[in-house]
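Chain naming follows the written order as A, B, C, D and E, and within any one chain the residues start at number 1.
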Amino acid sequence: MSVYYTSLDHFVLLPVLLLALFGCATLLFDFWVFPEAHQRKYLLIFLGLGEAFAGWAYWRQGAALAINGGEISAFHGAVVVDHFALFFHWIFLITTLVVGLISYRYLEVRDEHHGEYYGILMLAQCGMFFLASGNDLVTIFVGLETMAVSFYVLVGFLRAEQRSNEAALKYLLLGGLSSGFLAYGFSILYGIAGSTLLNDISKAVASRGHSDTILFLAIATTTVGLLFKIAAAPFHMWAPDVYEGAPTTITAFLAVGSKAASFALLMRVFASTLGSARSTWEPLLIAAAVLSMTIGNLAAITQTNTKRLLAYSSVNHAGYVLLGVIAGNNTGYKGVLIYLLVYTFMNLGAFLVLTSLTRKGLAGEDINDLRGLMKKSPGHALWMLIFLLSLAGIPPTAGFFGKYFIFLSLIETGHYVLAVLGCLYAAVAIYYYMRMVKAMFIETEEEETPALSTSFGTQVALVVTGVMTLVIGVYPEPFVRLAQQSFQR
Amino acid sequence: MLETGFFYAFAALTLIGAILTVTLRNAIHCAISLIGSLAGVAGLYLLQKAEFLFAVQIVLYIGGIMVLFLFVIMLVNLDAAARERQYHRHWLAAVICTVGSGALITWFLRQGSGTMHLGQSAPELPSAGNVEALSDVLFKQYLVPFELASVLLLVAVVGSVIMAKKRI
Amino acid sequence: MNFLDLIWLIPILPLCGAAIMLFFGRNLPKAAIRVISPGAVGLSFLLSLGAVLQLASLPEKVHQVILFQWLPLLHADMGYMLDPLSSVMILVVTGIGFLIHVYATGYMAHEHGPRHGGFYRFFGYLNLFVFFMLTLVLANNYPLLFVGWEGVGLCSYLLIGFYFNKKSAGDAGKKAFIVNRIGDAGFILGMFFLFQITGSLTFVDVNEALRSARFSPEVGVFGVLSLTALLLFVGATGKSAQIPLYVWLPDAMEGPTPVSALIHAATMVTAGVYMCARSNALFALTPETSHIVAAVGAATAIFAASIGLVQNDIKRVLAYSTVSQLGYMFVAVGVGAYWVGVFHLYTHAFFKALLFLGAGSVIHAVSGEQDMRKMGGLKDKIPVTFGTMFIASLAIAGIPGLAGFFSKDEILWQAWSSPLGSKVLWAVGFCTALMTAFYMWRLMFMTFYGEGRMDEHTKHHIHESPKSMTVPLMVLAAGSVCAGWIGMPKVFGENGFFQGLEHWLAPVFETGKEVAEHGAEHHDTSMEWVLMGLSIGAALSGIFLARHIYLKMKESDRPTGGALHPILYNKWYVDEIYDFLFVHGFSMRGGSLMAAFDRTVVDGGVNGTAWLTKMVSRISMWYDTWIVDGLVNLSAYTVRALSFPVRFFQTGFLQSYALVFIAGVFAMFGYFWWVR
Amino acid sequence: MQGHLLSVILFTPLAGLFLLLFIPKSQKTFIRLWANITAAVGFLVSLPLIIGFDRSNGGYQFVERAEWIPSLGVQYLIGVDGISVLMVMLTTIMGFLAIFSSWDSIKDREKEYYSMFLLQQTGMLGVFISMDFLLFYVFWEMVLVPMYFIIGVWGGPRKLYAAIKFFLYTLTGGVLMLLGILLLYFNYASQFGRYTFEIAELMKINLPLATQQWVFWAFFVGFAIKVPMFPFHTWLPDAHTEAPTAGSVILAAVLLKMGTYGFIRFSLPLLPKASSDQTIVTIVAVLSIIGILYGALVSLMQQDWKKLVAYSSVSHLGFCTLGIFALNQSGIAGSVIQQINHGISTGMLFLVVGVIYERRHTREIKEYGGLAHIMPNYAIVFAIAMLSSAGLPLLNGFVGEFTILQGAFDANRIWAAFAVLGVIFGAAYLLWLYQRTMLGEVTNEKNKGLPDLKWREWAVFVPLIIWAISIGVYPKPYFDILEKPVAQIVHRVHDTANAAAVPATPTPEVASR
Amino acid sequence: MLHPITTEHYLVLSAALLLIGTVGILLRRNAVVVMMSLELILNAVNINLVAFGKHLQQLNGQVFAIFIITVAVAEAAVGLGILIAVFRNKETVLVDEIDLLKW
């Protein structure tokens, strides 16, 4: 038996190997070296190191891409690193890092500080890697499940809490259902193409007619699975419950990391692989996008739980991003990338502030818990304001540029009705974001509550996400270029 | 034509087992029906000369997962649950949607079968060296998912331990 | 010293006075106010005199001073123009204005309260008024005239409402301002028409363009010109209190008496006449509008006179008399005898100001009482007042030799003889003359003759007014006698001085003059004599009738006028009709007209139209609250309301979620099945 | 420095805000002082602008250009022409006065308050000087947030409702406007092969009428809501009524002008065919007239002093939009001047309300009466404000109104006839307000002994009064400065319209206008 | 009856299994049975894969199926762990009694 892989293959897989290595190390060290609860925050070092090494590897990969151009494909095309994938890898990296940073105080407050948390966090990131880089149905599916299973565990991490259990159970069962459908779709795609490589599937799909029923069956079931993962209506039902029940830090991870990863996959599948069957899947996505914006907005309006509110808002955002995919031109895809980048920072930031609201004996998840935040902690309140404005898409915050590209691409491709609809929903969305702003700045606390639980890590993460939200809003040029470069077909 | 007979036998086993799984009241009976169904599927694998898969199905699935299920069923005393209402209230809507979807899937498959020559009976796969050939594919083309699967299983192990243990 | 180039100083001086009064007056002693305020007007008068004298020596009889460009897009400048017409006006305004200022220093001397109860404020307003009035008459273009026009309206508002703690005063001021604004709306539109027709709003250019028919053909159609003239006239009716916009003037008597004399008799109310005379080129081109003007003037004249017959409030009699006399002026303007209109304006200024001031002096004497039924027998107690008022009453009644006679007679003659005139106009004017004589002398007899009907306490306090009040009265009396001499009828013989006014004004009214001369040619002089005799007869009979009824007869014997009396007394129920139409149209549940009247007065509801406006605005507000806002809130509410059903799906039951999931799948499949 | 004058003007408030953040919360006086200094400096640095402005030049001046987002064709491109220079001056002056007037009235969370004001100042200035459409849009939306807080935090009893209504309305308009902008942007790119938001470049697009109409309506919604025009006006009374005095002043004086400015700067030159389309012009003009009359009528019935003034804004801005869509020199120039006038007059009226509100904490008209006895100076100031608002000649309101009416008359006599009615109503509701509050006997015991104007209040009013009179008496500089830019817009609209009309039907009517 | 068995037979069988599994998820209140139904669905996929593999004369389908089985194992393990955690806290495995999170 000859050696089937080369150093190039290694090079591509290096980041994920590093991450897995450090993830396992975390699990081991948790048992043997840091048995005491208060020591566990040192496990963050492993996370940091892992991410640093992975970042270094990404950086090297980027440099290699800059020289060679195009893509580096490894393991017989099963894994591919291109600018597009790298873009998402960086997003995952940032997300994991930030989530790790904000987690330890939160977990301490919730009395569930265990080393496994960080390990699984990094292993989930390994799964994400293959969602963005996978170029083979099997690889993608296993990667997806790695991420999903990690999330099932993380969502239920507050084992003593019924809500956390419940969220995990719901996520698992519904996730299993959706995985089943996705796998079913994959199986038919495999049947159609006779190969699990996306490139081969792409060719096979292109050679089939537009009204091919089997192709439709494959596309529809795949779409269902993907829409579930990005929490787009009508497959979003899990999101509010899971977001609410999960530890807030994991909600952030779920809302940002999982969603970005799923979108990476969705883009790869729809834009490249199924690109030629656009007429088949476009109506499905349009329906999903419109439903997502409608349901997300409407449901969020009267929501009083902030995590749930942001969950609905994330359903809404999924609708917006889908609009970019629907537009399907260069601007649209660029818009999706920018949107996801921006969304990473602003949503992480928003959840981060919510995380800080969780204090001993106070869940801090009700909208009234935000009251008087301006008095209590102006820094948090101001950053939160920026995140909310950005989520609402008001310039000069980053969120505006996300929406900008989406709208532009819709106009360029003549989807005027969707554009107007998107605009109107943007205005509706203001209402519930402003409810939070109102609570923070205008209303006052009814009774004295303990100070916010922050840590050095939280502060750093807050500043980073906040500054990035502002910087992308004020000077988006490099990021636009990055997105541009990331989506070169 | 022996194959046809076997197919129908295994198919019947699979489907009846599946139907019993979702209809029987007692969870243990469900589990046993599921074993039957899985065995039917395993038979189908064998029918298609997928011996390795057959082995995996028997050993891993029936031997591993189902034991786990039974274990859990024993652990969480389900007697009380078994006496209550068995189905969710919205059964009518659910049945309409599912049966409708199923019918449409079948319709799609039959419509499209012509373009993919699905209606022809597939030639036999070379039986000899099946496992070797399989490993060749597995470790060559699917090395990455194979390695990743180890990560997945690691997560699953750690995760189930975290979830199931009272204290860690 | 070249006064002609300093004509801009004429209005500016009173403005300075006003500024000093309003900004620093509080800290000035009364004596200083007494000097500065009339002094400013007096100086203006001297400047005006100098300027007019210099103007007389100019061959072209027009002098313009342009300070700076004001509204560039309308080619309107801050420009002043002195021509014969404005020269008459500035002399009247500054001259009579000065006298009234002097009078007011005495009249208002008893203002008490903090900071002299607004003594300084009064003079500030008065000076401001003079400034605006002078701007009005000296302007060289319509917009600037409009500045004065609005400004005098403002001052009128301020001065009517001078005793602003009285609600009726405030209401009257507001009524005046708003009614005037209605007229102004017409004026503004008229100006725009003029601008569109002639491309300019400067008097010289406009008149030039109109006379030479140099207007753009597509706008210069006949109807447009008439409409323009009519719109300007609407403006004039507002300011000069003609039907139907006269209602504000009687109420304006709420103001202090010098104000009534200056603004509501001598100057401001004549602005409409001045404006029409100014636009004579336009009116001359549109005879049908002139007919309307004449008809409205005549109707107003007789109508107001008839009301004046029975009023008991001394100032109200004079107010209706003013309305009536203004009607006369419009008759003159309407029949094309512009100079005659201006002539009557000029004579009227003297005797009507005198009458008002005299009335003020009377009121002053009887401690503020204005009801003539509570006066009487004042002849000997306040002789100067009596004497001067006697002259004025003769003048307004049209006794030969006095100012009123010449101007009124000339109007009647022109009404008869002008091609634009008619016998009917003459007849109406004639009746009005009769009535005028009657009500004026009714006033005289009730006030000065017979027994004193005031209570004892008041009787003791009756005293002649101070010098500062009586001297202006005397000067005005002299004016009432002599002012008419410069406009004697030609039948008396052609003489440069005695027909001076007509000649002086001739350059302004070139068109009008042609019309008038055209009329004169076709009527013989004998007819003029006959008519003159008739009008003298009317005046005398009016006086004697009044004497018979109010001096000789006992109160109980007096004819009540039967059914007519309440009608006249209630001013033809015009306020009530307005009320009926607009104010209480829907709430008249069997209440009598009188009750409605009371309510109006008590409520002080702005006026009829205001009610309509209010009603509409109520509807608007309702619409705004419930429909416009309601729709918005409804959509907001709908969105919110929709939120619950959407969230309702989120039951918390895992299998519901799965059901939705499968339903989504089913929908997708179904969609494709359907599309295929 | 001279080369970057506009940037200096633009960022002075922001710099002040930045430094303000370092002042500790407890140093209230210092915070106030610093905010006032910043605003005053903001005004002072804007003086060289008006001094150095070249009136004979109809184009943009003080232009600064820098790449901002090159890949999108977005530039930091700012400059002023005659129209915007006036708006900039209005903003710096009114901003300063508004901040100054808050000295005593804001006693809570000063630091945030002044920060919001300074931030808003930068936003508004940016709107008026942006020559890049996206830059414009960014500033446009940026203004919303501070105003939301100003109303929401320091406002009256229904502040939350008012604030969110304000925000939602204007944002909805804003995003639809964004769609219009993007449509233009895209069309430019497809015609010229590159992306740019530069307004001068966007003018070169040759768009068919139908597309222009779509863009026009998209813009229209955005601008009309901001103005606000008739059916979109309901946010205004609520926002005005609930906002703190200075907030109302800025809202009325500057914020609303962003809408009318948008019409003049963008709708007309960028969409000449649509803007001169008979149907569109008629619709907009009729809405304006309805706004004029409607606002006035509703004002008449108000029981709330501030709400009355707020509705009067609807009426006055109806004049402004009517003037704009008269599409001639008089109309547009008059409209710009009227916008400034409205800023001065209504600003003063709101300050007047603020003075009394600070003393009595109620805005019910019923509560007052006879205030002229107690506060004579206040009565005089109010009278001047009222008369200036009612359009009395020799005060500012007249100049604008009259010119607009003339322009409207030129465009369509019927419009002018209806609009003139608004002048009458204007006098009616203001005088009635004046009478109910200032005149008559003092009916309410609580009003006795109210102090008259303090020196600080005088200091706010006096410049405004002087300004009002100066415009009323000598408006020529304003007309001069507007002549060229307005003429350019008028030509652009009419030339394009004629160019389109001539081949089809060369009617004499069109030719004569 | 005795016609040759084609790929389509397998696909239809797979669809039927998918359907039964879905019904189980939708209707059974017992969470353990719901998880069993998930296994049914994954088995349906496996039937598909193996049938396609045979149809295409490849082993890839079988390999894919192995991975699916792996995934199924992982999901089942974690799922049962979560179920135990739920049961420990709530003393029930009936999914419609687990509805703390809603609306």
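The criterion applied here is as follows: a contact is a pair of C-beta atoms (placed from the backbone, for glycine too) under 8 Å apart; a residue touches a chain by one contact, two chains touch by 3 or more.
Everything quoted here is computed from the prediction, not taken from an experiment.
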Min route length, chain touch network, chain C to chain D, equals 1
Centre-to-centre on C-alpha atoms, which chain is most distant from chain C?
B
Interface with the most contact pairs, given as the two chains involved
B-E
Chain centres from averaged Cα atoms put chain C and chain E apart, in whole Å, by 97
Chain A and chain D: spacing of chain centres that average the CA atoms, whole Å
43
Could you tell me the distance, in whole angstrom, between the mean C-alpha positions of chain D and chain E?
65
Express in whole angstrom the distance between the two chain centres, defined as the mean CA positions of chain B and chain E.
6
Please list all residues of chain A that touch 2 or more other chains.
138, 141-142, 145, 149, 152-153, 156, 159, 168-170, 173, 177, 181, 191, 213, 216-217, 240-241, 431
Residues touching two or more other chains, restricted to chain B: which are they?
88, 90, 94, 97-98, 101, 105, 107-109, 113, 141-142, 145, 149, 152, 155-156, 159, 162-163
Multi-chain contacts in chain D: which residues touch at least two other chains?
168
Pairs of chains that touch, anyone?
A-B, A-C, A-D, A-E, B-C, B-E, C-D, C-E
In the complex, go through chain C and note every residue touching chain D.
22, 68-74, 78, 143, 146-147, 149-151, 154, 157, 161, 164-167, 170-171, 173-174, 177-178, 181-182, 184-185, 188-189, 192-193, 195-196, 218, 606, 610, 613-614, 616-618, 620-621, 624, 628-629, 632, 636
Within the complex, which stretch of chain A touches chain C?
169-170, 173-174, 177-178, 181, 211, 213, 216-217, 220-221, 223-224, 228, 234-235, 237-238, 240-241, 280, 283-284, 287, 294-295, 298-303, 428, 431
Mind listing the chain C positions that touch chain B in their complex?
653, 655-656, 659, 662-663, 665-666, 669-670, 672-673
Touching chain E in the complex: which residues of chain A?
137-138, 141-142, 145, 149, 152-153, 156, 159-163, 165-170, 172-173, 176-177, 179-181, 183-184, 186-188, 190-191, 194-196, 240-242, 244-245
Applying the document's contact rule, which stretches of chain B touch chain C when the two form their complex?
88, 90, 93-94, 97-98, 100-101, 104-105, 107-108
